[in-house]
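Okay, so subunit A shows up in both of these, paired with subunit B first and subunit C after.
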Partner chain A sequence: MKLNPAYAVGLAALVALPFAIRAVFPGSEKYYLHIVIQMLLWAQIYTGWALMGRFGLTSLGHGAFTGIGAYVTVMLWNFAGLTPLIGIPVAIVVAVALALLIGYPSFLQRIRGHYFALLTLAMVEFVRLCIVGLRDFTGGSLGTQPARYGDGISFYAVQFEADRMIAYFVALAVWLAGILVWVRVDRSMDRFALEALGQDEEAAAAVGINVTREKLKITALSAAMCAFGGAIFAQYQMYIGPDTIAGFGVSLNIVFGAVAGGIGVMLGPTIGALFTQLLSEGLRMFFQGSVTLNAMFGSRVLSLDTLIYGVLLVLFIIHMPRGIVGTAMEYWRKHKRGS
Partner chain B sequence: MLAVEGLVKMFGGFSAISNVSFRVGKGEILGLIGPNGSGKSTTFNCIAGLYVPTRGRISFEGHDITGKPANAICHAGIGRTFQIPRPFHKLTVLENVALAAWFGQNRTVNREQCWRQAAEALELVGLPTTPETTTEGMGAAALKKLELARALASQPKLLLADESLNGLDPSEMNQAADMLEMIRRERGITIVWVEHIMGVLMRVVDRVVVLDHGEVIYDGDPHGAQSNSAVIEVYLGREAAKREEARP
Partner chain C sequence: MTCSLDIFFLEAVLNGILLAGLLALLSLGLNLVFGVVDVVWICYAELVMIGMYAIFFAYSTLDLPLPLAMLIGITFTALLGVALHMIVIRPLLDAAPINQLLATGGVLFLLQAAATLAFGIEFRNIGVHLGSASLGDMFFSWGRIITFSVALATMLGLRYFLRHSYLGLAILALSQDRHVMPLMGADSRRLYAATSALGGGLAGLGAALMVLQFDIYPQIGLQFGPLIFMVCVLGGLGNMLGGFVAALVIAQFITIGSSCFATEWGYAIAFLFFILMMFIRPQGLLGARS
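Up next is the complex of A and B:
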């Protein structure tokens, strides 16, 4: 595989980024690194979702997979003392099993489009209810924490939150792994098959494509990636709750983020994560910091950022259906052709 | 090579085909004809694996393929085209065909072979093999050629061609007919050609099977079909058939 020089430069910049942050913001290094780490972790999860989302397999249920990744890993650690080194693969297997359990009958019965989205919606709610129902173990809707191991930096316990520098490189590696999976899929013949069946399943079957199997393969891969992302996110946050990693809200954030960035291109979901994280963080800081607004609305102003965030996303999706990267690439292509 | 025996397909209470049997010999070009609604497309789709027949048996090279899914039928060695071309617009022309080479042979060839086979199939039908060519702006005739190339890329032994002449002008029709003949000559592929326009088809087929109301009303020589009263009746009406019979 040849590495495009632009990507090599980008990668080098990402490696240098935490040191630059340390140099420029010595006082608030932790905060800025935290933002970037979150971006990278969500970028990997968005990329995992877009892996299937780009072929018209719109799932509103990927919050279930991130949730399973996080919860199974932490439960095994807290209650069975099983290291996440084994716990994470187990969690991935569980998530893939659920994906196949939902995917197989629905693909076989040709459940598509809105109906498929609704089905996955039911799945994420089912997983959330399971988490809440098992509150003795999971802490219910309040969430719980993985038991801290030693000083909070451990390979054995996959805990790295205490050192943001390490956490950054873990996040970078996780994100990079996600991008490599994307590239692998993008260059495979399976991508052609998925593009084909996304448009016309009958015609795809007529050229020998096993439609159900191709869909299951990409669904399983997508679920595995999101479960992995969810698990690492939990290990980084050192907290798991239905709202942060397992619910419908998480599903929606994934979909919005990926779509805003652009789901048809490699870096689309990553730009989507960058954009949504910056937007929500920027709005939050703006509203919390605004003296005038606080004087006018009091503490109610704190929820205003979420509202505006939602409105902006809706506008974005309506006016840029190809996402930020997709639109930019289209513009660039036209521009190049024109000149 | 292909044997269809006592095929029945019901849609609810309506039987689209009620008893269809015919055989296709190796290397033959068989015309499967009949007026609109005679059941030829249903028969075609039963063979291609799009429909599961209600009763009856379809065997190909001695293997029972009745009710197998479309992808399995393709892997067995039966390629098909669609009446209305269904290209994959998100892929380039070459990718459309390479996809068929790869999956049509059930991933038994390597990538290089599959791209080469795709280019060969495109060359055979006379389409550009450049990787950048997209399906954008392709006319009806070119799309039908793409449809053929895609079917050929899966290296079928039997080609099911569905009403290949729809939407073409007379000279394009002749070209299409010549192309099917050429495909048999070059590749040794057996062809079942489903068509409702009799004219051009008669020139190249070895044998015709005529369907009407879901049943076979004629099976034999194409010239015989043109003078067969049952065939004339379904195409031109009873009066014409009577006139034909009265002719010395």
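Up next is the complex of A and C:
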């Protein structure tokens, strides 16, 4: 794969970023690095969702895959002493198995659109309820923590939260892997097949595309990416809870982050993650700092950012259905042609 | 707990039937809107939540009598339904269905945050206890019995409205063919708005019954929402009788499952059943295969 010079510069900037943060904010580098790490980890998960979302397969159930990734890995580590180096692949296999189990019959039955969205919604609720129900192991709705190994930095235990520098490069590698998967898919024949069937399944089948097979392939890949992302996210947070990594709310956040950025382009979901994280952090800091608002609402002021987030999402979907990156690219293309 | 065919089992079955009334009522409004406007309000349960808060506010803070408070709640959600349609759905009527669904998802966040901002995350209760009726050794709360009766009456009333009133017939006709009806001189914009008001009002009615049985908190929509969608889809989206049957089935899974195992497992089994039924009968329990 040839590397576009612009991408090379961008990548170099990303490698230099943590050192720049360390130099500029010596006192609070941990906080800023934390925000960037979260951004990268969510960006990978959003990218995984968009992999299938861009072809009209709108799943509201990807919280199930991130949840399985996180919980299977941590349960194997806590109760069987199995290193996440093996646990994460096992978790990915479980997530892919679930994706195929749900995907195969629904693609055979031609369940699409609303129905597919609501079916996957039932799937994520089922997984969340199983997690809560197995509370003897999972800690129920309170969540649990992976057992800390040594001083919290370990390759064997895949624990890196204690050192934000290491955590940053882990997150960067995970995100980059996600982008590479996206590029692979984008340049494959499967992409054309999926684009065709995304527009008209019957016509795609008529020209010889194996519709069910193509859909299953992309669903499995997407589930695997989200399970991987969920597992790494758990290892970084050192905490897993059914509502932070597995529920319907997580699914919605994934979908909206990706849609806000733009699901049809490589960096769309990443920009979506950047946008949503900056928005929520920025609004949170602004509202916490505002004396008037605090006097008016007290600690409830924290929900103001979700309120604005909700309004923005509605505006995005009405006015910019292609997302930030998609709209920007369209504008740029028109502009260039016009001049 | 173990599962055996004793009096507790019978109590669970009967309680399941009563719970089905609530689920059926909650799914009624969503079904109506889907059947007519062809849009899934993913924030429907949040409308119910807002309705509950409105009733709580009118009753506990403004000290209004409960029936009036409930009426205010119903009116409020009906207006909210119209606003949702005008502001969010109307610009998206020709967009991909999934975009409509996602836009109402944005409204879900908005309503949840608005409720948190206004009332905080504490659990609220209007503090009305209706007690329970006893039948042999079994107990049934009056709240549930009333809910079931109202749900049944509402379903019959809505059916009558749709079949025998001018507006109802127009709405029904529009749901059968949304392209030809406007050509016949029906104003689809007004009919959509009326349907949304009706759908919102039904959410408010659901809220009025729910405040009798449940605590109010901003996240309650996330608890009930998925269940309501499940009932609608299982009954066949837009099919109201199907919704009632589906509510009965789902509620039995929940109550029997909960009494035999733990509450979550009751719900988990219900969701699993739903997923399996989607594969066997994607058109819904009573839907005709197209």
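The rule we apply is simple: the second predicted complex is superposed on the first by the 339 of 339 C-alpha atoms of A that agree within 3 Å, B and C clash if a C-alpha of one lies under 4 Å from a C-alpha of the other, contacts with A are read in each partner's own complex, and residues count from 1 in each chain.
Everything that follows uses one rule, which is that a contact is a pair of C-beta atoms (placed from the backbone, for glycine too) under 8 Å apart; a residue touches a chain by one contact, two chains touch by 3 or more.
All figures in this text were calculated on a predicted structure; none of them were measured in a lab.
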For the three-chain arrangement built by superposition, which of subunit B and subunit C touches the greater number of subunit A residues?
C
Name the contact category of A:130: first (subunit B only), second (subunit C only), both, or neither.
second
For A:189 in the superposed arrangement: first (subunit B), second (subunit C), both or neither?
first
Tell me the contact category for A:109 with respect to subunit B and subunit C: first, second, both or neither.
second
Of the partners subunit B and subunit C, which touch A:28 in the superposed model: first, second, both, neither?
neither
Pick one for A:121: touches subunit B only (first), subunit C only (second), both, or neither.
second
Quick check on my understanding: which residues of subunit A belong to both its subunit B contact set and its subunit C contact set?
none
Given the complex with subunit B, which residues does subunit A contribute to the contact?
189, 192-193, 195-196, 198-200, 202-211
Contacting residues of subunit B [partner subunit A, same complex]
48-50, 69-71, 74-75, 80, 82, 86, 88-91, 95-96, 98-100, 102-107, 111, 114, 150-151, 153-154
Seen from subunit C, its contact residues with subunit A in the complex are 40, 87-88, 91-92, 95-99, 101-103, 105-114, 116-117, 120-121, 218, 222, 225-226, 229-230, 233, 237, 261-262, 264-265, 267-268, 271-272, 274-275, 278-279, 282
Mind listing the subunit A positions that touch subunit C in their complex?
56, 58, 102, 105-106, 109-111, 113-115, 117-119, 121-123, 125-126, 129-130, 132-133, 247-249, 252, 255-256, 259, 297, 300-301, 303-307, 309-314, 316-318, 321
